[in-house]
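Chain IDs A, B, C and D follow the sequence of writing; residue 1 opens each chain.
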Amino acid sequence: MSVNTFGRVLRFTTWGESHGPAIGAVVDGCPPLLALSEADIQPFLDARRPGTSKFTTQRREPDAVKILSGVFEGKTTGTPISLMIENVDQRSKDYSEVARAYRPGHADYAYNAKYGIRDYRGGGRSSARETASRVAAGAVARLAIPEVAILAYVSAIGGDAVDPANFDANEIGNNPFFCPDAAAAARWERLVDEARLAGSSLGAVVECVATGVPAGWGAPLYGKLDADLASAMMGINAVKGVEIGDGFEAARLRGEQNADPMRPGENGPTFEANHAGGIAGGISTGQPVVVRVAFKPTSSILIPQDTITRDGEAAEIVTKGRHDPCVGIRGTPVVEAMMAFVLADHKLLHRAQCG
Amino acid sequence: MSVNTFGRVLRFTTWGESHGPAIGAVVDGCPPLLALSEADIQPFLDARRPGTSKFTTQRREPDAVKILSGVFEGKTTGTPISLMIENVDQRSKDYSEVARAYRPGHADYAYNAKYGIRDYRGGGRSSARETASRVAAGAVARLAIPEVAILAYVSAIGGDAVDPANFDANEIGNNPFFCPDAAAAARWERLVDEARLAGSSLGAVVECVATGVPAGWGAPLYGKLDADLASAMMGINAVKGVEIGDGFEAARLRGEQNADPMRPGENGPTFEANHAGGIAGGISTGQPVVVRVAFKPTSSILIPQDTITRDGEAAEIVTKGRHDPCVGIRGTPVVEAMMAFVLADHKLLHRAQCG
Amino acid sequence: MSVNTFGRVLRFTTWGESHGPAIGAVVDGCPPLLALSEADIQPFLDARRPGTSKFTTQRREPDAVKILSGVFEGKTTGTPISLMIENVDQRSKDYSEVARAYRPGHADYAYNAKYGIRDYRGGGRSSARETASRVAAGAVARLAIPEVAILAYVSAIGGDAVDPANFDANEIGNNPFFCPDAAAAARWERLVDEARLAGSSLGAVVECVATGVPAGWGAPLYGKLDADLASAMMGINAVKGVEIGDGFEAARLRGEQNADPMRPGENGPTFEANHAGGIAGGISTGQPVVVRVAFKPTSSILIPQDTITRDGEAAEIVTKGRHDPCVGIRGTPVVEAMMAFVLADHKLLHRAQCG
Amino acid sequence: MSVNTFGRVLRFTTWGESHGPAIGAVVDGCPPLLALSEADIQPFLDARRPGTSKFTTQRREPDAVKILSGVFEGKTTGTPISLMIENVDQRSKDYSEVARAYRPGHADYAYNAKYGIRDYRGGGRSSARETASRVAAGAVARLAIPEVAILAYVSAIGGDAVDPANFDANEIGNNPFFCPDAAAAARWERLVDEARLAGSSLGAVVECVATGVPAGWGAPLYGKLDADLASAMMGINAVKGVEIGDGFEAARLRGEQNADPMRPGENGPTFEANHAGGIAGGISTGQPVVVRVAFKPTSSILIPQDTITRDGEAAEIVTKGRHDPCVGIRGTPVVEAMMAFVLADHKLLHRAQCG
């Protein structure tokens, strides 16, 4: 029930604000004897790291992770793994405007309404910077599910979608958009740059597929695999929608169109389709687990907007300085991390109950 | 972390199978001194009850709820409220076929893969019948949030959507589809009947709006109001997608289109739009909370499908007897119930931390 | 973290009041494929059942348990097991006095201070009657730990202790006190009868030993096996003290006296003593797990006591009718049940993390 | 349910090993707007700090706490408070012996049996050093319960108890034993020094009293205030017994001796005794909450003991270097911290349910 903790038997707790000295995660319940060092985590943080292209925020953070506990002689010990990432580029800028007025679309007003106080520097706790902690925790979780391969990519930006016929997993690392379609990546370069120069921002859709998940993970009825994935993904900053398998498209289909018929296979059943996205009744079926996530356009834009001050006066506000023209891009490694964590947690939970 | 328990400080635990003697829910953490009797719960169960029109399954269940504990002299006492609904119409039919082979799209195979056993009678624990327990629990939760009004309705069936211009809340109770648009209801009558007669089924979209939610509910970062709603909704049988506010549409927008500018109002701020669906940073903003839920078409159809038997042999299966041509319709009261429960839980959690 | 739920991955939730229609427990997370019927539970309820001798309360309850869910064709299915026990002997007596004034030592005043309301009939939720639900849940838990044998007995009543030299496990079932020392049982017969006739009551100490627990169960640092046992035992009605191994006596010893030296054995290490009660660092060592529990004398006595009314006026109160001269006796099966549940829960939790 | 997390709505998660770079705690769910700086925490850490007299271990640690998150402009923000304490005096000694063989009474063997690996340097995660994190978390919790005063003291060492007639709260800070009886403190000086010089150790009893707790805190039936205190205290390193109020002594009493009669008072009821230790039915009564905790003698003694090696061979082991002749002494601030945390958590939980 900890509100800054995610997970059931494998769990992480995150802490830290955008402009505090550091952020971090404590991973608890990790199986012992897994080989773990900073080098197992760093590549995932590097993928999420800001400032790597002109299409993401220009904040420069090395995002170097330190393991402070839970590892001995290169192996996990079963005790909590404390991960810390120091904040380096907390630019000493003037925060008086954001301290004074709420940025529409941001959590500013909501945090103030809830807590009566907010750390307004760089968004404080509500900053997307916190997702680095999730990525670090997800990297640990991956070690517990070596049988699973997880791949996320951006499937649309600003309504411009990839062409499934062009899908090439190898392409994903070749462009700054995690885009599996070279033609789309070329289009997005212009699209995102235009938005960036206009001081605007674009929404995006991220798709994530996990293969190798055996049948049987997920804990109905209120620990369903899809429900936990929905919670995991909707909790990522800027996410407004989550689909499993065909998602909303399934609501347009007839029963016979949406079926996933089964046939005998050499190693258990095979399926003739995967409308369900690998989950039935909240339990994995052995098919690839497919999740789709909608990111809204960043709220921090350089275009002035109507707002009010903390004192309730009308005002106009405009984000100054660094801005992220499409936050969904850097959301891709975060989606992967949350997928990894949910799956690892359910692997452990499944063997708790079912041996 | 109980897998058959939902909620944080207000919680319910459900139990029961489709064809066992009864189903039920235990509601824990309910504030004391709320007036509660069966009559406060029954209307919501009646709205969800099967067999009320030809557009839903013909199983006939009175769904009469009994309160077994937690109420004294007509008031809640703060102790667990045990709610029980007896199963009456467990038709003594022949289950040999469904015992032998898996129904594609159903949880049959997944349950077997997980537990090595399944109660195949009427779907057992994975039956939509269990959602009656959620509706009962949601009715109790409503008593804890008298300031909030919750309204759900079907906004599309089989891809045929209501016209927002025709929206009339009073219309919702006038048709068997929870449809707020009389014209759409008329079209759906033909559409659903056609599917029913063809032995097929249709997907649906349910929309739910909660008004009166004050700013400040929700517990970031891993107890965000939207994340908990996503978990609550994705966990409902047959649901494959969840959106908050503009949802996937937001991913097509630019930042300035998606903003919800603020203006000073007489009682706190007013907002010039509600793309966010009433939630920012995981915390309610005081605007209506808007959730949209995609239900797949029922998997139980009268059209034969390829499948395998428990022994792994190829087979063909067809659902016999009662079938539900559009399970999303009866999902509407379930969506309302889960919305009520999440909001009540967060009201209590908010006052735990913030007084 | 539900307050009427106990356990981590194996959990039970109880509900019900002393004079409501029924009480019950929902056991969640139970491994599938365990053979379970009412006959596996009933003997434990019978051992706890009131009215079996003149040394316990004269309330007559058959305490017949019904399984309402979670079992199919004689086996657990992995879904929640709902257990219900109907209340039969809710004597229709006059409760006006206990409604008016608080019984010292009872929970009457505290419940009223907390909730502003209390079901005063027979103690409502705070009645020891609820422990029947724990016993039923514990009986299910035993099925998950066939490798463990659990034995509890009363080791002292009113300060009169058994002589360890006389310990005979077979004697426990031969007297109405769960006493392992025939000579002590004979003394207690007079002692308890005297207290009963005087309208007074006596405290007791219950000791519980679990053998067959392998090394490795327990989840430090805040899910330690001893901490969970302490919570489990202290939560039983009338319990005021819990010891593991030597307990308070250990505080009188020197380090060399309290050591449990180890020697090589045929199947892992052997220990030359068991001061620790089978737990070190919150983890089982493979030695017998030993817990000792202090029950206070029943507060309901026939001797008038000073108290106040709900309106704050001075008053005198005396318990009328049935009374339990030594509640610790019937606490013995409850202690066993909680031991079983904690161990089963930790067995599952251990295999979640450590495979 | 995180195993390294304690608490319900106010929670802390600890991490860190004795000889890692640092230890720490993340406090989650803390009310916002409480004034908090390192100076509010440091005095409690200083009280627990080792090396302050010859009667405790000679490890020298400044135990300087750093607040890494959750505080802005001197006030809590409602977000997680990350507290870190660097390990300074991890003496680079030779650990080959403790790596090779298990120390009897220590958690060495149990950790190995559970995890298959252990960080043997200074006890790793099972070191009492971790209790510094609890003390830091407890210091934060105190801010949430300004109405409560908490006082713990050592009431016996090695079986030599204080004389209640000599009790003087002001004396507690005047001696190195947290002893409220000057005469006992003088005796203990010789007693503990003798044990220290003999390379032995002594057990102790710590008593803790919380005054100002209003009636109504505690959440029956499985979140009872006494059950949570029992879990909190039994989970402290070296604790083997917990009593509430009269504890085991209550088991020797008759009902009329154990009663706490009530009388009308100016501000609610007064009680003529406090055998119950301020808790009835798991709920506070408004009387002082009294807990007594038994600490075993430290297992690390300079007297050789029989043991086995990791390979199962017979061996003899003796603790070298620093040793703590009476770990119960430094347990006193830890007991206070856990009392504070449990009470603060229940204050928040109570207002969640009861407003």
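Going forward, a contact is a pair of C-beta atoms (placed from the backbone, for glycine too) under 8 Å apart; a residue touches a chain by one contact, two chains touch by 3 or more.
Here the structure is a predicted model, which is why all the values come from computation and not from measurement.
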Check C-D against B-D and say which one is joined by more contacting C-beta pairs. C-D
Using mean CA coordinates as chain centres, what's the gap between chain B and chain D in Å? 46
Distance-wise, how many Å sit between the C-alpha centres of chain C and chain D, to the nearest whole number? 26
Multi-chain contacts only, two chains or more: what residues does chain A have there? 1-5, 8-9, 14, 29, 32, 78-79, 114-116, 125, 220, 349, 354
How is the touch graph of the chains shaped: line, ring, star, complete or other? complete
Flag every residue of chain B that touches chain C in the complex, lowest number first. 1-5, 7-8, 11, 13-17, 20-24, 26, 28-29, 32-33, 66, 68-70, 72, 75, 77-82, 114-119, 124-125
Per the contact definition, I'd like the list of chain C residues that touch chain A in the complex. 1, 9, 29-32, 78-79, 220, 348-349, 351-355
Over in the complex, which chain C residues touch chain D? Could you list them? 1-6, 8-9, 14, 102, 104-107, 109-111, 113-116, 125-126, 130, 156, 158-159, 195, 200-205, 214-224, 226-235, 240-248, 250-264, 268-269, 272, 275-277, 279-286, 294-301, 303, 305-308, 312-314, 328, 349-350, 354
